[in-house]
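Have a look at the structure below before the remarks.
Letters A, B, C and D mark the chains as written, and numbering starts fresh at 1 in each.
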Amino acid sequence: MSSSVSVLLFGITRDLTGQSAVSVPFPEGGSVGDLIDQLHLDYPALASIRSLLVAVNGEYAESEQILAQNDEIALIPPVSGG
Amino acid sequence: MSSSVSVLLFGITRDLTGQSAVSVPFPEGGSVGDLIDQLHLDYPALASIRSLLVAVNGEYAESEQILAQNDEIALIPPVSGG
Amino acid sequence: MIAITSDPIDVSAALTYLQSDQAGAIDFFLGVVRDNTQERPVDRLEYEAYDRMAISEMQKIADEAHQRWPILRYTIIHRKGTLQIGEIAVLIGIATAHRAASFDACRYIIDTIKQTVPIWKKEVFANGETWVNAHP
Amino acid sequence: MIAITSDPIDVSAALTYLQSDQAGAIDFFLGVVRDNTQERPVDRLEYEAYDRMAISEMQKIADEAHQRWPILRYTIIHRKGTLQIGEIAVLIGIATAHRAASFDACRYIIDTIKQTVPIWKKEVFANGETWVNAHP
């Protein structure tokens, strides 16, 4: 069974996709790593970014973490605050 | 031949002597070290201070420095600014 | 006190907030928009934040600093939106009893903010723009 | 800019003075009158300066800092007279292009001021007073 997740985009990821959030087709039980792979397929331009982390519900997530459909998911390109 | 020099006093040296400047009998050609010795004779209470430096014309002076009568001389007890 | 704001950062208000009778030392760090980056003239900066997470990451940093140093009060304020040359992008203020801790904590916080807090800076030049750190 | 003043120290004016288009970092250190010293309650402080020499010694420190770090602008302001709890006794502000130098220079200056500048602090307690550092 397949569904989708919504992913918030900031900074360069927003510029590269032209969107501040994208909906990604995504199997239930998939991991953060799976999501990154799917995003790279759907948006090949993301490969130009130096590193790409994922936050789940406002916390940095490891690539093994399993996603749930109501998680708040965000792509975190290299930060540059301060 | 003997004369005197005027010495500016600050902080604890002013409190111990009760004066903001003192005139000290002092031989021409005397050094900073000689002045300190004379001051300790005239004001024994100065011995209670942890250290006592002398400034001549606004600069820290070594004890060998020879004093001239129109020098601006100041006693510098331990500083505590900031 | 931790905040992300679109308004100019008010240093006097931050100072008032930090003062307490026990404070003997206050260190303020201000990150300011300068007119060049690696000698290329900058027109302005645009800051973007993932607000919710930026606040919680800054809180983690403040909590860690609190554990390491005896901080009486602190404030961390990060600006977002468009900033012109000379404007304050970030203010960190640390009040402690003695000075060494105020310097150490302030420096730790700004160094760590730059590593972990989801805020992004775009440098806008006369002929182009760059998201800082984004590319290899 | 180096000053000794009997008036309250104006942090906003110092900030305005420090700003320049090249500045990316400003570190401010404020020494503040706290309500105790080694847990003994302090009523107020009284600062006294040998003004002429204090200015020239602070200038030497600033010149040395200028040699060691790429400082864009600096300000050192020391208060004298009677100060109440919470008042600012000394302000050091350093503007640089990058942050490490602003912290390092600011800290060097306050550390060195405490060693060489002829300014004296008397702590006034409910039942007595002490010139700080004066006795063994």
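By definition in this document, a contact is a pair of C-beta atoms (placed from the backbone, for glycine too) under 8 Å apart; a residue touches a chain by one contact, two chains touch by 3 or more.
These figures come from a predicted structure and were not determined experimentally.
Touch-path distance (fewest steps) from subunit A to subunit C is 1. Chain geometry summary: the mean Cα position of subunit A and that of subunit D are 49 Å apart. Separating the centre of subunit B from that of subunit D, both taken as means of CA atoms, is a distance of 26 Å. Subunit A and subunit B have centres, each the mean of its CA atoms, that are 74 Å apart. None of the residues of subunit B touches two or more other chains.
Within subunit D, the positions touching two or more other chains are listed as 31, 110. Pairwise chain contacts in this structure: A-C, B-D, C-D. By the touch criterion stated above, subunit C contacts subunit D in their complex at residues 11-12, 15, 19-36, 85-86, 95, 97, 99, 102-103, 106-107, 110.
Residues of subunit D touching subunit B in their complex: 31, 47-50, 52-54, 56, 78, 89-90, 110, 113-122, 131-136. By the touch criterion given at the top, residues 8, 10-12, 14-15, 48-50, 55, 58-60, 74, 76-82 of subunit B touch subunit D in their complex.
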